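What follows is a group of structures, each given as structure tokens.
Paired with chain B in one complex and with chain C in the other, chain A is shared by the two complexes that follow.
Take a look at the complex of A and B:
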């Protein structure tokens, strides 16, 4: 009798995460969707005119900015993250690995506000001085994000590389390949789906990151034409304007949240599917 | 095209890859060093134990420490039973199938939701719909949605690591299922479960986006969980962004980074203790 009750309770608890996910979806859509209908999908998605207090709700410049910082962070972060993953999984003695892997994962623990702060203090002046522009820029945001997503990509890639059967590597080495040839021609191709999953999850983190981006991206509302332009992402707009928004303006921020949510869920589902295929 | 012999290219790549890894680790140490170098001199007993004065220009950070502790306490109060319950269900009460697939999909997706979306959600449901306003309760509940996936995942892994035989011995002695779980399985899995909780605390300490929307940023000393409160990380963000006081900002940042270092290292040691036990 008691056992049965306990089992019922545990079953209920087990559905907490999925229920919260559904609640989040329901609330974000309920709060934001009326505005998308009111403004019209076209004027919402494909107009860059954002003046929510005057009835203009175009989020195009923010979508492009979000995609641009994400792309920039991937371009810079992936090579670095892969280099770390290959070194740790292949070249690093196991005794050093148990120390170095958590060290790199510690980088994920540094709060995003601290990354943003260091970006403003150290990186932004460097960009302003040596490359020109206001310094607060797409480039600054991409560099900071690249460092922030690195631990995610490295850690999942290490697991993917270590999951490749040792026989593959031994086979390649036995045929006279050097260790690097074995990595490049055998191990990495075999670990590809795991590495791609890692990159996708890194992208999801980058596109959703808020506080660090607010601090270093400059937050100008326009479509960027150069990497030195200041940009304002979807996440920055939501965070910057939420505090004082009301009425349609607030609804519009939730609507921007819907678009962000769709991007993230798309990336998560893709990563999930890839992981499962393996 | 120039042909580089494989042994040479191996050497070049090895140097390059180690160099990039060194760079990454260098960045981490630089961040920690830079924050400590500028921040540790600001820290004193008065800085820790007095409340902020004049928007944080002077005084200390006591109220923000208390708000942070309240918020993490509330978040764990809700996330731990939910997460542990889910993990026990997944490992002890069911087989892989449609239901576990749905639960895993929910957990993994929730883990991927960025904190700003959770903040919007918490604002819509707790602050507005439930009418709790910006409060530690709204913030803590929202934060618990962020912690839940971590707690589920680490608890599940730790429970799975407890050898089958432990359960079989208990069952063969006629001990009931629930009693076996609470008296045999969970105590053995405890260090692993604690690791998940400790890592959740580290994440909470550094979080801002979720909290600023749901707990607000009042600098007053929180008298109850129905009041707004400003956590350490939010305080640091406001000090730095509004240029209120650089020395206070550095001091607060040093406390943040110090806490995160201590918490992560304890989690690491707990995990090693746990792994040693079963290998």
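Take a look at the complex of A and C:
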């Protein structure tokens, strides 16, 4: 009897969490969608002219910037995270792993504003002095994001590698493969779907990050042509402009939110599908 | 921060309402004063309202943003008793009575090591429209200029556009920051950058430039000799309500003006 009640309460709580998600989704679409129709889907998605108080609602440059920043962080972050995961899962004594893995996961708990602050103080002046440009740039944002997605990718990859049956490894070693050959030719391919899922979740984290990016990316609206150019992502625009926005400007920010929502949903669905395939 | 202040304002208002409102039944409605308009004036109006509500707890002042034009419209439609504006009134708005409560100078700032001291309005326009790209054109070395703009919807940006840009558009290569403080931070860290902030926010980390040879200071802003000066205006219907005029009197009083000056504006007394 008591068991039943608790079960019901838990179900109710679970559904309330889901209904909040649905509510948010419905609200974003209700607020933003009319503006997309009003501005025209073409002028909204494929124009780079964003001046919402003067009636221009093109978000192309922000979409490109968001994708570029995410791509940059993946290019820099994935090799690092994978190397880290392989070392920890395969080469590291188990007693050290018990200590190191939580440490890396702790990195995920550092507030993004701290990463942004470090970026502004340390990274931006370095880029400005040694590479040129204003320092606040696509490169700076990518590096900061690469560090931020490191713990996500590393810890999920470690789990994926450890989930590969020991039998595979033993078989490979018995056939005369070296440890590294066993990892490269047997373990990594077997763990592939888990590793790819980790990368996709890392991408979702990167594309949605706001505070750190605002601080180091420079937020210029121009479509970037070099990695040293300042960029403005979708999330930055929403956070920068929401304070004083009114009317169409406000709904345009919700519309930008819809696009962001679609990106992140797409990435998550992809990640889920891959996980199930395993 | 603004949201937080509004939040605190609301909580205070609610507490006051329950604490003092019950005794004077019926008069509660007449004690609410709504101020709407310029987002540049908003933080100052909030500060004044907060202090005035401490002095006179029966008074509830509700400060909203929306922009100068929306504020003047709200005042005309009686949605707000006082409209605020951070630009001079247009011709068709002059039937309303206006009171200048303070002035704000928009300072053009550069890094302290930048040798440039003076800039003309044309040069400023050239830089922000993306036509002047090198400091050599202003008599320094041939280094690229990084110019910092404010975000769309900002009152300071609005004023800068109308005072400097003369219908030209600010280039989309501009770096963008969403507060006076973060613009100042960028300028303080990058010797080749230039930006604009409220006069009251200047500190030792940055150097204000003279515009058309006039340095922004209390005198030149007060007398409008400094070009990039904007008035902060309270607008009300030709006959302001009793509540509105009481608040306006407070703002113009020695105490009210001192508060504004402490917050970085230039008083009008």
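Note that the second predicted complex is superposed on the first by the 268 of 278 C-alpha atoms of A that agree within 3 Å, B and C clash if a C-alpha of one lies under 4 Å from a C-alpha of the other, contacts with A are read in each partner's own complex, and residues count from 1 in each chain.
In this section, a contact is a pair of C-beta atoms (placed from the backbone, for glycine too) under 8 Å apart; a residue touches a chain by one contact, two chains touch by 3 or more.
From a predicted model like this one, the values you see are computed outputs, not experimental measurements.
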item: Touched partner set for A:96, first chain B, second chain C, both or neither; value: neither
item: First, second, both or neither for A:87, with chain B first and chain C second; value: first
item: Chain B versus chain C as contact partner of A:245, first or second or both or neither; value: second
item: First (chain B), second (chain C), both or neither touched by A:27; value: first
item: Which of chain B and chain C A:52 touches, first, second, both or neither; value: second
item: Chain A positions touched by chain B in one structure and by chain C in the second; value: 120, 214, 239
item: Interface residues, chain B side, partner chain A - complex; value: 6-7, 9-10, 13-14, 16-18, 20-21, 23-25, 27-28, 31, 34-35, 81-82, 85-86, 88-90, 93, 102-103, 105-110, 112-121, 123-125, 129, 145, 148-149, 152, 176-178, 202-203, 205-209, 212-213, 233, 236-237, 240-241, 249, 253, 256-257, 260-261, 264, 268
item: Complex interface listing, chain A residues touching chain C; value: 48, 50-53, 61, 120, 124-125, 128, 134-136, 214, 218-222, 230, 232, 239-241, 243-246, 249
item: Chain A partner contacts - residues on chain C that touch it in the complex; value: 2-3, 39, 65-67, 70, 146, 151-155, 169, 171-178, 185-186, 189-190, 192-193
item: Complex contact set, residues of chain A against chain B; value: 2-3, 6-7, 9-11, 13-21, 23-24, 27-28, 30-31, 79-80, 83-84, 86-88, 91, 100, 102-104, 106-107, 109-118, 120, 122, 147, 150, 154, 177-181, 201, 204-205, 207-211, 214-215, 235, 238-239, 242, 253-254, 257, 260-261, 264-265, 267-269, 271-272
